[in-house]
Amino acid sequence: MKNSFGTSVTLTLFGESHGPMLGAVLDGLAPGLELDEGFIARQLGLRRPAGRISTARREADEFQIVSGLFEGHTTGTPLTILIPNADARSRDYAATRALPRPGHADYTAYMKYHGFEDYRGGGHFSGRVTAALVAAGAVCIQALRTRGIWIGTHVARCAGIADRDFGADWKADFALLENEAFAVLDPAAGEAMRTAIEAAARDGDSVGGVLETAVLGLPAGVGEPWFDTLEGLLAHGLFSIPAVKGVEFGAGFGLSELRGSAANDAFFMDGDTVRTRTNHNGGINGGISNGMPLLYRCAVKPTPSIYKTQQTVDMLRGTDAELSLRGRHDPAIVHRARVVVDSVSALVLCDALALRYGTDWLARQEAEGRR
Amino acid sequence: MKNSFGTSVTLTLFGESHGPMLGAVLDGLAPGLELDEGFIARQLGLRRPAGRISTARREADEFQIVSGLFEGHTTGTPLTILIPNADARSRDYAATRALPRPGHADYTAYMKYHGFEDYRGGGHFSGRVTAALVAAGAVCIQALRTRGIWIGTHVARCAGIADRDFGADWKADFALLENEAFAVLDPAAGEAMRTAIEAAARDGDSVGGVLETAVLGLPAGVGEPWFDTLEGLLAHGLFSIPAVKGVEFGAGFGLSELRGSAANDAFFMDGDTVRTRTNHNGGINGGISNGMPLLYRCAVKPTPSIYKTQQTVDMLRGTDAELSLRGRHDPAIVHRARVVVDSVSALVLCDALALRYGTDWLARQEAEGRR
Amino acid sequence: MKNSFGTSVTLTLFGESHGPMLGAVLDGLAPGLELDEGFIARQLGLRRPAGRISTARREADEFQIVSGLFEGHTTGTPLTILIPNADARSRDYAATRALPRPGHADYTAYMKYHGFEDYRGGGHFSGRVTAALVAAGAVCIQALRTRGIWIGTHVARCAGIADRDFGADWKADFALLENEAFAVLDPAAGEAMRTAIEAAARDGDSVGGVLETAVLGLPAGVGEPWFDTLEGLLAHGLFSIPAVKGVEFGAGFGLSELRGSAANDAFFMDGDTVRTRTNHNGGINGGISNGMPLLYRCAVKPTPSIYKTQQTVDMLRGTDAELSLRGRHDPAIVHRARVVVDSVSALVLCDALALRYGTDWLARQEAEGRR
Amino acid sequence: MKNSFGTSVTLTLFGESHGPMLGAVLDGLAPGLELDEGFIARQLGLRRPAGRISTARREADEFQIVSGLFEGHTTGTPLTILIPNADARSRDYAATRALPRPGHADYTAYMKYHGFEDYRGGGHFSGRVTAALVAAGAVCIQALRTRGIWIGTHVARCAGIADRDFGADWKADFALLENEAFAVLDPAAGEAMRTAIEAAARDGDSVGGVLETAVLGLPAGVGEPWFDTLEGLLAHGLFSIPAVKGVEFGAGFGLSELRGSAANDAFFMDGDTVRTRTNHNGGINGGISNGMPLLYRCAVKPTPSIYKTQQTVDMLRGTDAELSLRGRHDPAIVHRARVVVDSVSALVLCDALALRYGTDWLARQEAEGRR
């Protein structure tokens, strides 16, 4: 499916950067989930550009839930969230219509849609569309939490600077990240990263980074042996996030450098529970969750919109050309992409769990007392 | 879908390592493709364990096409390939039934299937199932070649040793790989890798590696902006391959270390064609092919089956236990996984192309003169 | 998929009868289709209750296209249509919350959603949701017409009164139906039907009917042999329409009474074209279009909302109960369902054609001259 | 999906009438279902041509389960059933290759597959493929029975002769049908039908009929409000059955003749259970099961293969032509299609139930005691 994802729980995205609004339709979620709209607003806030290291574009991100919510609970029918586009300055883009921006989707959109695409501000390819994804993801995250499943993502690397790894006390680490616009576990690393981002911004340039995600509380036995492996499903979703160019699970590419005796995760009994002493496989064996935390990383490329003059082509004239971007652009988006990773992860897991345990599972406790 | 993949061109896999046979049903492929069964046999040969660095299990991999082929051409109806299991020694596995092998799917299969899974030799999770995938992939590869689309994969890293990169002359490089069981571009690197694999084997251990794939000839404009991005579709398929724990496109994780000015691929006119001077984005912008070669890498973990004694649990007794594997195991599978990567890639691309251009596109020339 | 339909061209519906709005997301449609919004408005007008034989609820059906349309043409990205709910009187429904209406979805919605459903006016089950379906269908109908494919539906039976069959001059018959709120081929039959509907209304009762649809211009060779037969796809969509309880193709149930020699449609050459002398199979053999007009009928049950006192249960008390409906209800919806049948048909055919011929096919001519 | 059906439980069909074998891959079924292979054989026996009113082709229908079954129980991984084609006389068909049979898929297959289709005996379109469907359906039927869900179908009409309706004692009626090759509730009606079939056979002609199905024990709350309504899902599957040209639920087309006061099914309390006094809606309201028996009918057209001379075209010469069929053909298939209807119904319901209640639900009791 083109702009939809999922089998039992599905998400459909629509909207363009400079159209009247963006939106998401989330279908198949259990009825009876009590929804905290404030949490959706906070998640949108974490995605929103803010402060000295972000685009000057201001997005209020007011959202409206127009279906699927009744008396504060999900109904089980499609839940639709609309997000109006308030501050879209179309005039910034028209001048460079014929000049595809390097690293962006301008050229490929043209080749796919034959010039009929809404090119303004990236149109349907804009990172702005992730606002709708984050709003829907915030619903999924709430659904998972009712079942004791928690997702946390931090900026593990940015501009060559590394954050510390997740520690043994996951809950404490997740609490650190919960409402932090620049989510790192080590504040000093975060400060160094922001300084590096500012340096890039002064150069009219941008930086990328790596996001690391952990999922706690996922039951063992979720995922499929072929094709719909948990890794395949998560990666499918994560590569939708603009700028993600790599996904690895557990030790990932590093695992390929180890010998088997070092790579294998030994099992042991922890009381009645089977656990592994290491987690090089990121909580997934044979495509299926093993009850250990999921652990994976996304490589986020540097923002392609930079102020330095770049080489491109003039699509109308068929000649080489130079491009100098104006407008408002982020020198880094890795920290803003964090909440998008959480959202996609939550969507994928809600879907896998609903398939495994049935459509009511994610809100079962709440659903049982009704009427 | 659980053991199926694809939207317009779909593949369904079935079979267990120690059952009577494996199989694949490939549906939706264009009618009228003239099939070279010898090519299927050669691809199976490249996957088959052979020589001093592979398991002693001998698989003849005789295959039979039982539907969808008529008078040497695909019919357009489901094409089914069966591969009998000849040399399966079930007695090797029964003794360790209760002891899940670290790094394998034994434990997760048990948690998913409640002990009803066919556990012998990994059952449906066995790498042996990739034989069916390779046979079907060989059909897809032939379909792509009729349209001038070529896929090549080499062992880019193994046991810490690097092969050289693809050169400017893709065709020459692809020719080097075509029938090579241990596919490297630099023979000296290949020899060093094999030596390292043998060293690991002598230690009762195993090694992993990285596979790098290039796709030439793919038209620009294939893929979708959200969810069904070309990266997402390929990664979804590639993570199905047992032991793949990371996938990156273009410069991938390395891209996250660059600044935007270095990461962006500048456009230029090459005659009438728009091309990019570098290819850090791996031929994909905004999820859609840009006409440059696709380039991506898969991290392959070391074979989990090793002869060293490992820590595990006894599922029947609920106690810690030790496991000493016997049987026949590969000290490395990265070179054998190469042809599986090609096969998955071909399947994903056939599907994306059929969706874009219609079901007949992949064999259109041949189909036109019939009757 | 729950509230979505289609593989290459997909439609997702959302909204409840008494929520702020309804909507439809239409994805996968070819870029470059020039859209006539007036046609959408006219189609909505045909669905809208009007005149002496309809509910007194007045729906302006103002709609807004909020994505996927740029400079008057489809972009190829998701096209979203919103329809606000203006005149919803929720107070009519609250009193009878615990009393499921016979023939309605009140009881089954409760069993599925555990009482969390928005029960007001049928909520997401309301026929009102078909307004979104009709708006999206109007886009699909326009796409088909650019390829010379036309759909026409008439009220073949209502309250025991039969309209005449389609005649040899399809175009003339389709022109009769195009903007007719009560679509019949024989005006006298239509007048008799309306009189019968009024009689039922005076009794506080309702009537049903049969809709007959013809599709002209569909190429031969569309559909699949198993499961995604053209009949199966169309029926799947058509049974979504509230009140449709039967679907038959060609002579349908009547065909089961014939002998083979009478039922088979003899082929003959009509110039260079293969045609059949009769069309008992409704233009479909083996699940695939044969180039003759598609012909099918939908049975529409009488509106379940009637003013006569009915037996039901009190869900809160667990006792038998009586129900006397108030509010505004149609004594017949068969004539209003006509345009819904056209819409579903258009959606199904756009999807089947896009799968067969590629995503650009439906607007190819227009797309070619762009930029 | 082309030759696949289902979302959580999926079936893929392959094979041609005159190829080496047919087959079915059933994926997603719960692990731990104890399988009675004798039941599969008996179901195949009910589909098999036999006796004086069937084709002389003899099909042993020996089947082999080659995956997904281990120690007598389903494993939860794809269950594959192969059925060899033993008695296929290809020479009967070659002579009339260029002459498409009226009422068959010969012509449409040619238009879809451009002449590359295996035309022998209908190839992939052959009713013979339903043997694979019946074998897989027999597995689904067993799964449903572990949950107390039973399906029964009888020949409600044939050659103008009506069987009696289902009575109040469903179990007794289902027992009558269980192993009956010509499934009627009234033996005298059955005898009259067979006599009429013989009369048609003597004329070189064929007859059709109507199959009526009841499903008992289905919980309320299964199905979706739009698109994946229970009616839509069942009809989608049922129209796959060759020769089915109409599907109606409950009173179906007859319902369209009633007034609402007669059509609505009044609710009442039957102890603690909500039931309806009549069942004109066939156990489905708003697309969702209401706990009453499902009731639906399929119109089966007369076998298109008849011995009378028919008008057709010569595809090679582009001229009109006459066709006189030889070979072995059924004067009626309605009684043989009965078990195909049961099989499709079981597949659709297993899928809907697995989606609703999770993948393990259909064999949960059995699965719990394992290991």
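Assorted remarks:
The chains carry the letters A, B, C and D, assigned in the order they are written, with residues numbered from 1 in each.
The rule is simple: a residue touches a chain if its C-beta (ideal position, glycine included) is under 8 Å from a C-beta of that chain, and two chains touch if they have at least 3 such contacts.
The shown structure was predicted, so the numbers you read here are calculated from the model rather than taken from an experiment.
Ranking B-D and C-D by contacting C-beta pairs places C-D first.
Residue numbering at the chain A/chain B interface overlaps substantially, since over half of the positions present are found in both copies. Farthest chain from chain C, judged by C-alpha centroids: B.
Rounded to whole angstrom, the centroid-to-centroid distance between chain A and chain D, based on C-alpha atoms, equals 45 Å.
Chain C and chain D have CA centres that are 27 Å apart.
Per-chain CA centroids place chain B at a distance of 38 Å from chain D.
Each of the following residues of chain B touches two or more other chains: 1-4, 7, 13, 77, 112, 124, 225, 315. Residue ranges on chain D touching chain B, taken from their complex, read 1-4, 7, 10, 12-16, 19-23, 25, 27-28, 31-32, 64, 66-68, 70, 73-80, 82, 110, 112-118, 123-124, 315-316, 360, 367-368, 370-371. Those residues of chain B that touch chain A in the complex are listed here as 1-5, 7, 13, 100, 102-105, 107-109, 111-112, 124-125, 129, 157, 160, 200, 203, 205-210, 220-229, 231-233, 235-240, 242, 244-253, 255-261, 263-269, 272, 274, 276-277, 280-282, 284-291, 299-306, 308, 310-313, 315, 318-320, 334.
Touching chain D in their complex are the following residues of chain A: 7-8, 77, 225, 355-359, 361.
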